[in-house]
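Next, two complexes with chain A in common: one pairs it with chain B, the other with chain C.
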Partner chain A sequence: MLLLKLAFRNITHAGVRTWLNIIVLSFAFVLIVLTEGLYDGMLQQVRDAEIDSNIGGGQFWQKDYDPYNPFSIELSHSEIPANLKMEIEKGNATAVLITSASIFPRNHIQSVQFKGIDPDQKIVNLPVYILKNETDSSIIPGIIGSRMAKSTGLQADDIVSARWRNINGTFDAGDIKIIKVINTEVKSIDNDQIWIPLKKLRDMMQAPQQATLIILNKNISEIPINNSEWIFKDHKYLLKYLNENIDRKRIYSTFMFVLLIGMALLAVFDTQVLAIFKRRKEIGTLMALGMTKWDVIVLYTLEGCIMGILSFIAGFLYGFPLLTYLAKKGIVLPQIIENTQFSILRILYPKYGLKLYVLTSLILFISVTIVSFLPTHRITKLKPSDALKGKLT
Partner chain B sequence: MNKFFVLFASTIIFTITGFAQFPSGSDVLKKIDKNLVLDKAISYTTMIIHGRSGIRMIKSKSWIEGKDKAFVEYIDPPRDKGKKMLKLREQVWLYFPEPTDRIITISGHMLKQSVMGSDLSYEDITENRKLLDMYDANVIGSEKINESNCYVVMLTGKIENITYYRRKFWVDKERWLPLKEERYAKSGKPLKRIELLDVFRLEKRWYPKRILYHDLMQNGDGTEYIIESIILHADIDDSQFTKAALKK
Partner chain C sequence: MGDSQIIQISNLVKDYAMGKQFFRALHDVNLSINTGEFCGLVGPSGSGKTTLLNIIGALDNPTGGDIIIMNNSIKDLKNKQAAKLRNESIGFIFQTYNLLPVYTVFENVEFPLLLLKKSKKEREEAVMRALEWVGLSDKVNSRPNQLSGGESQRVAVARAMVKLPRIVLADEPTANLDAANSHNILQTMLKLNLELKTTFIFATHDEKVIRYLRRKVALSDGNVINDIIMN
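== the complex of A and B ==
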């Protein structure tokens, strides 16, 4: 208790030096929480958007479907099995039919995928109900995402010629009217895709009752049974690439973490080395008064620990309102980031869990304690008489 | 009553004589085949691709045996020199010289890709089935194409797995060559146009000299295919049409 009191009095009397350390440590603490929170928030946002707009509660894939093999697309369609048809009728799932096609915007050819979906579906967050607004049966209504609009130059109400093949391989062609350009955060439902009514696409492909994949409701209670033609893909599988991508990006956050913590610890270490050098007569006096070498080491280590605790308090005082504000309002990303390979979110909402606070605090606290302890090992070699003389050997 | 009878009779007579003027669709197609299908021949050709980024000219030497066998070696430009293509019935293999030194089989959906960036797809050049096996052919009229009198022959798909549902030929009545062909989607939208810009006499038959392939969905200027010279009844060894010949 005496050591604790003494340590506390020492650091409060150290003045600016203490405050500078506290500021640096608290900055590091707040910035680490913010950076980690940003990555956690981004992961959550991208996952939620992907689930809401694309994968729902998991998908059943026609056995030949491989989204990464464009040559498989034209083969991957077959009739929907009875159990999945029943789920669609109950409103627990929706069917999507996919085929490859070419469109000819601005006199050049572009490969796209037609995705047929029921305009009345409520499984995924796609405003496909708008497709019902087109009453002219000779027109193929379609909606595209903003990235697709940008790459093709297509806008709402534009008409573009398209060529596709039916399931027998016979060419067919027609005009597609872009009913709406949607802004979506999910690339996988945007790039090189045109969403059209399922019935229309089935007629175009001469593939009645067929589908390529079935998206389940994200709140579905029971997953229907697999069969040899239709294979269930769960979230773990469907989000695999997304998670791997995020993990790769985490390397940057780890680098930031190490950099920030390194800077803060360097400051603490430097302060401790300086304190031991400056206060060697005090160390000698304390030892002469009866303190053991280990008592002195504990005293100096305690000073570091208290500095760490004070910096958490300081960080909490100004960090909590700031982090809460950012979590609520989000961080608006510059336009340029939209086109990078991964980040598609315009506003990032950081997410800070209790785990993040506790882990960051613990890592910082333990690191500060170790860094405070390290320079004190020289005290173990110190003779009280030398210390009183101001010698530090 | 008499007037009605005269009108009815003249309509019947006109229809009968009208049809009698036209040969059957199958006869027209057989005559075209007789002109176009070569027994054994070696030809030197130039393909001029009018792309969006400019004009590309590719020269090649071809060994042909009937409809089923063809071997093409690209000889110019230097970038494409040494590339080879072997076609055996409905299969195609491509050979890429050093440093790649690989043979690639073009099958399935890859057949839908363009040949050397032209308006032709591998599927267009590998289609081997007889037109009459795939289409119902009817002569629907006659028109003039570049001062030549032509029969207009409409081909409508009668089986399911065909690339083009409808094809229309304008066949020269004297030289029995399709001076123009249009290929249509099921919806009726024109997809491709092939025009014979020049023909030449090859022994007793007429043969295309300059052909223009045009993908109508793209507003490009198409691909010209020019037959520079041709040697009929050439002595071609059977080994020329093997995969081993690709790496020679």
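== the complex of A and C ==
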């Protein structure tokens, strides 16, 4: 208790150096929370976007459908079971028909997927209603994502030739008019695919009533069906790849975390080593006045701890309003691309859980304590008489 | 000597390691000091004054022999016990004052009482009394860097005396002071010695100090070569 009081007195009476340290530490604290929060926020946004614009509340897959096997795709469609049809009519789900096809932009051949979707659907957040703008029924309207636009050189209003097979395996060909290029961070609705009105694609494939997958409304997580043709895939399954990807990327944020903590700790360590070097005589004096070596060690370690605590308080004082503001307003990423209606990650909203605060504080606090303690260990080897002479052996 | 004896030094030897060799700083010192003495270890530089004073103050360990100080055998003291002994019974005064730079005058003088866990009221009274002894009542809120050398050493005297220790050990307390300040400090200490029966032991080669001593223990190359008691 006395030592705590003395440590506090030492810290508050000491000069600029302490306050500098406190500022550095508080910066680290705020920055760590911010970077981690940005990361969490981004991941959350990516996940939400994926759910929002692609997987909904879960999907029923036609049993042969395997998104990673292009050869399966032409074969993987069936008639929609009656109860799912009912859910679609009730607005609780929407059907997607998928087939592989080739397009010929700039006289090259490129493999793509056609995805047929109801332009009136409200299940996933895709601006497919725009497909209805094309009134000429002889034209096949299509929507592509910006990645696809980049890789093919296609732009809105371009016409591209396409070739596909109908349900009987016979080739058919036609022109697709690109109605719109959409910006999306969700790769799985962008890469190598063209969104086409479902009815149109069914006609093209001569496959009425058929679908490859049924996307459920976000708020519905399961519909029992009794049909071996269709298999339900839940979030856990559908987000598996994304989650794995995210976990891999976590390493970067962990690296950042370690780097920031390391920098902060170096500052503390440095001051502490210097302080003990400079304060040898003081250490000797304290011992002459009746403190034990351990008293001095505890005193100096406590000084480090208090520095840590003060930096949390400082960090909280300016960090909390700042971080809250950023979480509300979001951080606008520099490469602003036009047509932001459906671009999700142009603005990043950091998200900080209590866990983040507590964990960061705890880790920082413990490491500051350890780092404050380590250099004081030399004191145990110090004889009071030597310390008084300014020696440090 | 009997019951008034406060320090008994017998066959004290101190070796310092010098690489592989040893340097013998004290050779078989025998000395007995009584309560209330105002005595000094005198001798040329390097004669072992500081070494002996440090061992008396339990700041350093003897190589051989022992010191019995208020019934404590120095060589048997653990770190913690040595700290307790210093805390309760010994005041130190150093050549370089050794005030704690971040503390005010008041806080510096108060420090030993904090370690002794005295109440706030006790501390305040004792600090103000000690500052009065040294004539610095008006400097309570100054910081060490705002004080002259003489004032700093007076604060150090107040800090050593504030807990009314049985023994005060002062190593070259006047080395950095001019004549006027030296006399001032010594007169203060002499007064406290007479009033409080505090035992003072100096280590010094300063003539100004030596004139005040009632006992001079002359050291040379780690040996006591003379021991003069005045009356």
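Rule of thumb we're sticking to: the second predicted complex is superposed on the first by the 366 of 393 C-alpha atoms of A that agree within 3 Å, B and C clash if a C-alpha of one lies under 4 Å from a C-alpha of the other, contacts with A are read in each partner's own complex, and residues count from 1 in each chain.
Basically, contacts are C-beta pairs under 8 Å (C-beta built on N, C-alpha and C of every residue); 3 or more make two chains touch, one makes a residue touch a chain.
Just so it is clear, the structure is predicted and the values come from calculations on it, not from any experiment.
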After the match on chain A, would you call chain B and chain C a fit or a clash? fit
What is the contact status of A:M291 with respect to chain B (first) and chain C (second): first, second, both, or neither? second
Once the shared chain is lined up, is A:K281 touching chain B (first), chain C (second), both, or neither of them? second
What is the contact status of A:N125 with respect to chain B (first) and chain C (second): first, second, both, or neither? neither
With the two complexes superposed on chain A, say which partner A:Q44 touches: chain B (first), chain C (second), both, or neither. neither
After lining up the shared chain so the two structures overlap, which partner does A:T170 touch, if you call chain B first and chain C second: first, second, both or neither? first
Would you check which partner chain A:R9 touches, where first means chain B only, second means chain C only, and both and neither mean what they say? second
Between chain B and chain C, whom does A:H108 touch in the aligned arrangement: first, second, both, or neither? first
Which chain, chain B or chain C, is in touch with more residues of chain A? C
In the superposed arrangement the C-alpha centres of chain B and chain C open, at the centre of chain A, an angle in degrees to the nearest 10 of 150
Rounded to the nearest angstrom, what is the minimum C-alpha distance from chain B to chain C in the superposition? 71
Interfacial residue positions of chain C with respect to chain A in the complex: 54, 57, 59-60, 79-80, 83-84, 86-88, 92, 94, 96, 98, 100-103, 107, 111-112, 114-117, 159
Residue ranges of chain A in contact with chain C within the complex: 2, 5-6, 9-10, 13-14, 281-282, 284-293, 295, 383-385, 388
For a test of understanding, state which residues of chain A touch chain B in their complex under the given definition. 70-71, 74, 102, 104, 107-109, 161, 163, 166, 168-174
Once bound in the complex, which stretches of chain B touch chain A? 52, 108-110, 157, 160-165, 183, 185-187, 189, 191, 217-220
